[in-house]
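Next come the structures, one after another.
You will see chain A twice below: alongside chain B first, and alongside chain C after that.
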Partner chain A sequence: MSTGGWAGKIIRVNLTSGKISSEDTSKYQDFIGGMGIGYKVLFDEVPAGTKPYDEANKIVVGTGPLCGSGVPMSSRTNITSLYPGNDKNLVTDSHMGGNFAAFLKYAGWDAIIIEGASSKPVWLRIEDDKVTLEDASSLWGTGIYNTTAVIGSTMGKESCVAAIGQAGENLVNLAVIMNGSSHSAGGHGAVFGSKKLKAIGVKGTGSVKIGKDKKELMDLDAYVMKEIVGANNQHVVPSTPQPWSEFVYENSRWTAREGLTWGASEGNIDTGIAAPGDVNKVGYRTMKAIKDLGPVAAKYTVRMGGCQSCPIRCHAQMNIPQLEQYGVSPYAANTCMGWFSPAGVMFKGTKDQKEEGDGNMITRALGSQLADDYGVWCNYGSIGRDFQYAYESGILKNVLPEEEYNSIPWNLLEAGDPAFLKEFYRRVTFKEGEFSHLGDGTYHIAKRWNFGADYWDTKKYSMWSPLGFPKHHASDESYQVGAIINCMFNRDAQSHSHQNFISSGLPVDILKKIAEKLWGSADAIDPPANYTPMNQYKAKFAKYGVIRNCLHDSLTLCNWMWPLTASPLKEREYMGDTSLESKYFSVVTGIDTTEEELDLMGERVFTLHRALTVKEMGTTDMRGQHDLMVNWVFDIDPDKKPFTEGTIKMDRDDMQLALTMFYKEMGWDEKTGAPTRATLEKLNMKDVADELAKLGLLPA
Partner chain B sequence: MSNNEKKGFLDKETTRREFLKLSGKGIGGTFISLSLLNLLGCTNTNVEEVAAFPLAQGVLIADRARCTGCLRCETNCSLANDGKAMPYISRIKVSRNYNFGTDGPKLAYAYADGAFGNKLMSPETCRQCAEPYCGKACPVGAITTNEIGARVVDQAKCVGCGTCTKACPWTMPTVDPETSKSTKCVNCGTCAANCPTGALRIVPWEEVKYAMRKLGYKA
Partner chain C sequence: MSKEKVNDEILQENLEFTAKYIRENSYNGKFIKYDDFFTEPISLKEEEKEIFFEKLFSNEEYSDISELKGKESRYFYSKKEMTENYAKLLYRIEEKDILNMVADRIRTDSKRYPKTTNSNVFLNEPYNLKKDELAELYKQLSNLDDYKDIKESVASNGVVCVYSDKFLSQTYADALTELQEVTRVESQ
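Our next item is the complex of A and B:
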């Protein structure tokens, strides 16, 4: 093993026997950490056919070598297990930021492998080398906030707690594991619940060692902070005209400007001119509060916040006194979907209370607190869209018993009164009645309630896959590239590598210049709603997107910021630095590694994901049975043709060609999209190839 | 950092309160006892003459309203001073108060300091006391004053007994369990230079005294 980065040990806890043991991380070094460890454990140890809530399912909570080292944006926890949101029982990852991952490293651990199932509620207590299972009977039935407070008073205020709420306990498929007051990982909460594992508390007094000289690491940090890092999602252009920028991009998350303040802070702190190069202003660049909650939110913003080691601060921390009328705290924190999902549930709109836009803000803040405390997940916003479809199509009225239907305060929903959210999340969390099946996930609910083809085939509902997951920066934003990436995983794609680059705010001609340097041709990207047929450069771009995503979740770095493909500096011609992951990896671990070598490790992790999916589905036919898209992708804009200006409509043959070209880039079988023996062996995974051969799952 | 922001550091009620907070006991009113001012290095007499420890040139002060809890100062401090990322021995303490403030979880945590409460962070810094409790308590005299006046741990002398940790009213010095040597702030400024929101600054004593006097404190 190396001299730096990894803690070197992994906790294995068997909840059936109560046995806790320590394993050497070096066994997984080829797979880096986090996601890579998760896939390897699932491939080797969980038999095909296992169901998410079976005792035989395992759940791996992992970090990587860069986590905790102080590398910017590096406190990500990657959680890998089988996913209950559809009937295929496939592997997925859920991710959370916050402090948990870094704290686990400081306690001396790279990952936790959880297996078996306890017969009574327990929580896992980690204090450096001391790891114990504690009785959680008194915590069972408690929300995440109180659970954290109780464990915090037991372990000490300096501890960090990852917990499930009542949703996870009650085996609601859409449930989270959350740490801190706003960092949740979606889809595996009920796997914890099925194992009667309420929480993991961690505190550590150890260190993450640096393989090379500390100065090299600090110099890299200074370079990133001065020249490379942008705002949230690596947007590199400001949202309003700024003296330092030649461009403006309205949708940019670089919102800092004079007069935009953290309005509820002492002294009304101004985000000001946060120009590139000013390292003490980086944290003011992104005032996510106004992006997620509207302009009215500025004066309710206490500060911005976020994860350990991250200078960007994308989680808005609010003080909204109006929340108290709903029986919750006025203080709320979240980012992105945490705020958006409740607004999706209130699809009839929200009524303002005192000033323009406050109804929307209050709705989001109330809903985020309810969902976070109960630990309900949204399937990337689908829970609201599923509800909307069922309500508006009249299905809900048919499937709910009359008494139950009449017990739901529809008047609150219709009137845009956020109090409706209390009913909504409570019913889902406690599995009250037929209505609560909305928490089963789209795939199950669509089957159970017999959703029509219009649900799947209308863009409004955002579905991407017949497996029941929605689009997440797909063909509607980056055409074949987004489409390929959205087909690859077993839930909504968690990859932002491609999206962050194309939405960085730079004009398309500059993006094209960067694309030419990185992927061989400016044709790798298209201007908005004016895209061209598939080409090999798009395949290379898509591959970059996916394998960097896998690298980040293994290292672990935040893929909502990394890779830093563009930069805010004109003198760099806006070129970011794609070698940074490998440079940080070399300095932190002490193992000299080139960009190409590290990318190959990402390819290994992603190919293992594919092998695992093949194994779990029992077929090599990934093209025909897995890499599927619903019809709106191809049938939207009926009077327009693909490849013409003004449409995002895709072409069916061209998309099949896109998959073929991508499979080829990955070295997978071009017909089926399954990994070949040659590729698996090239990636040092002969054992995986042998296992697939044994199961008859290697392509001919 | 603009001049306005520099000036603002000690004008903030919460910053002052945090800075003056003594082991959980807040300081109320406009008058601070002489002993506390002594502790902070502010006296009516010429401190330099009477102090056993020459006065530090400055003191690290955190503006809690600007602190976003990124914890970069903790890794930067330990990287700069120890060559490893180790928040436990960071000389500035933010993470230990992250969720529930300096007092830890209470029944009414939802309204108290911290991420689970009013969202305010509680960064704790060394006061570089005029009469440092840590240095005076050290049984082997390992805490001395360096060329810029900071109270520093002489690694060769330190026996890792932890007396300084207990003696400091704010529990700032921390014995590194990996080396069995104590660590404390040396006023190197790394944390302040790299704080992404400019929440930290090494403020010269003259400015501290001036600000205190302006606010009606005897300093």
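Our next item is the complex of A and C:
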């Protein structure tokens, strides 16, 4: 094991026996950390056919060597387990930012492998080397906020708590684990619940060792802060014209400008001109409250907050006094879908209360507080769309018993009154009646309530896969590249590597120049809504997207920022630096590693994911049974042909070619999309190849 | 020290101060106008102006200082601290050439990105138009031959964008509007 980066130890907790042991991380070094450790544990230790809530299922809460080291945007927790949201129950990951990951490293641990199931509610207490299971009976039945407060006051303010709410306890498939204002989208809260594990509290007094000279780390940080880093999602162009920028792109999250303030802060702090190079202003660049909650939110913003080690601060911290009328705190903090999902539930719109846009803001803030306290996830916004479809198609009226249907205050929904959200989230969390099955996840609810083909085949409902997960930066934004990436994972693709680059705010000619340098041809990138047939450069770009995503979740780095493909600087021709992960890895771990070598490690992690998927599905036929897309992808815009200006309509044959080219890039079997023995062995996974061979799951 | 030498040094100091002052203002998105040279803090004397401007524009050290001539004023900025695109925009604002200011942005977006432009961007900094002014302006644009290329495109959620049909067809503009105002807003 190297001298830097990794803490060197992993906690293994068996909740059935109560045994807690320590293992050496070096066993997993080839898989880096976080996601890589999670996949290896699940491949080696969880038999195919295991169900998510079975005692035999395991859940791995992991960090990586860069986490806690001072590398920017590196406090990510990766959680790996089986997914309850569909009937395949394949391996998935959920991720949280916050402080938890860094604190776990400070306590001297790289990951926690949780196995078995407790007979009574417990929480796991980690204080440096001292790891104990504590009684959680008094916490069981309470929300995440209370649990966090109680454990936090027991362990002290230097601690961090990751907890589930009542949704996790009640085995709601769409349940999360949460620390601070960071929740793990991904449905693993109920796996905690099935094991009667209420929370993990962690406090560490150690630090992460740096393998090489610390000055090298500081120099890299200074370089990133001055020349490379942008705003949230690595947007490198401002949203309003700024003196320093030759471009402007209104969708950008680089919102800082004179007159835009954190209106509820002491002194009404102005985000001002936060030009590249001004390192002390990086934290003002992303005034995301106005993106997530609308322009009215500026005056309710206390400040922008975020995860440990992150200069970007994408979590809006709000003080909205109007929330108190709904019995919740006026203080709310969240980011992205945490704010967006409740607005999706209120699909009839929201009514303003005192000023333009406040109804929308209050709705989002109230919904986010309810969902976060109960610990409910939204399947990337699908819970609202599922609800909308069921309501508008009349299905809900048919499937709900009359008494139950009449007990729901539809008048609140119709009137745009956010109080409806209290009913909605409570029913889902406590599994009240038939309505609560919305929390089972799209796949289950569509089957249970017999959703029609129009649900799956209309873009409005955003479904991507027949396995019940929605599109997430898919073909409608990045054509074959987005489509491939969306087919690869076992839930909505959590990869932003490709999209952050495409949406960086730079015009297409500059994106193309960067693409040429990185993937061999400008043809790796298409102009928006004017895409061309598949080519090998797109396959390379897609591979970059997937592999960097896996690297980030293993190292661990925030993929909402990394990789830093573009830069805000004209003098760099807007070129970011894709070698940064490997440079940081080399400095922090002390192991000299090139960009290509680190990418190969990412390839190993993702190929293991694929092998695990093959093993769990019991088939090598990934093309035919896994890498699937619903029909709207190909049938949208009936009057238009694929590859013509102004359509996102994909071509079925071209997409099959796209998959073939991607499989080839990955060294997988081009017919089935399953990993071959040669590739597994090249990636040092002979044991995985042997296991698949034993199961008859290696392609011919 | 001779009087000329003293004068030279003072001139040099003034030039340095002025260049720094222009750069700071450029960083903050502001021009220095010709009249500003003769008031605090530059306080240039009428009799010194010839030699001062000659030196300002001939000295390599100040090669970033650039000038735009308007109808009634001259505008100075630093190319190091303010991009030419922004300077052009500021020039339009200063010269109250609002129609071209709006048309420039729309045409550049359509041609270069390509994208349509949310019709409300002109309500924000640094355009700062009022809602009724903007509505009036769009009306004017549609009635003037020079701006006949500026057209509207509406997203499925009702958001209105504008584009130039010199660079985008209506079909393409509509797809771009949908991408920007619906798809990318939904995808967090």
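A few remarks follow.
In the analysis below, the second predicted complex is superposed on the first by the 695 of 700 C-alpha atoms of A that agree within 3 Å, B and C clash if a C-alpha of one lies under 4 Å from a C-alpha of the other, contacts with A are read in each partner's own complex, and residues count from 1 in each chain.
Here is the rule we use: a residue touches a chain if its C-beta (ideal position, glycine included) is under 8 Å from a C-beta of that chain, and two chains touch if they have at least 3 such contacts.
Bear in mind the structure is a predicted one, so any value in this text is a computation, not a measurement.
Once the two complexes are overlaid on the shared chain, A:571 sits clear of chain B and of chain C alike. With both complexes placed on chain A, chain A has more residues touched by B than by the other of chain B and chain C. When the shared chain is aligned, no partner comes close enough to touch A:403: not chain B, not chain C.
When the two structures are aligned on the shared chain, A:462 is found in touch with chain C, with no touch to chain B. When the two complexes are overlaid on their common chain A, residue A:647 makes contact with chain C while staying clear of chain B.
Once the two complexes are overlaid on the shared chain, A:509 sits against chain C while remaining clear of chain B.
In the superposition on chain A, A:240 contacts chain C only, with no contact to chain B. Of all residues in chain B, only 1, 8, 11-14, 65-72, 75-76, 78-80, 82-88, 95-101, 103-105, 109-111, 115-120, 177-178, 193-198 touch chain A in the complex they form. Listing the residues of chain A that touch chain B in their complex gives 68-70, 72, 99, 102-103, 106, 145, 148-150, 152-153, 156-158, 160, 180-182, 204-210, 213-214, 217-218, 221, 225, 265-267, 269, 279-284, 302-313, 317-319, 329, 331, 333.
Against chain C, the residues of chain A that register as touching in their complex are 240-251, 257-260, 273, 275, 336-337, 340, 381, 462, 471-473, 476-477, 499, 503, 507-509, 527-530, 570, 645-648.
Chain C contributes residues 26-29, 81-86, 89, 105, 112-115, 117-118, 121, 124-126, 169, 171-172, 174-176, 178-180, 183-188 to its touches with chain A in the complex.
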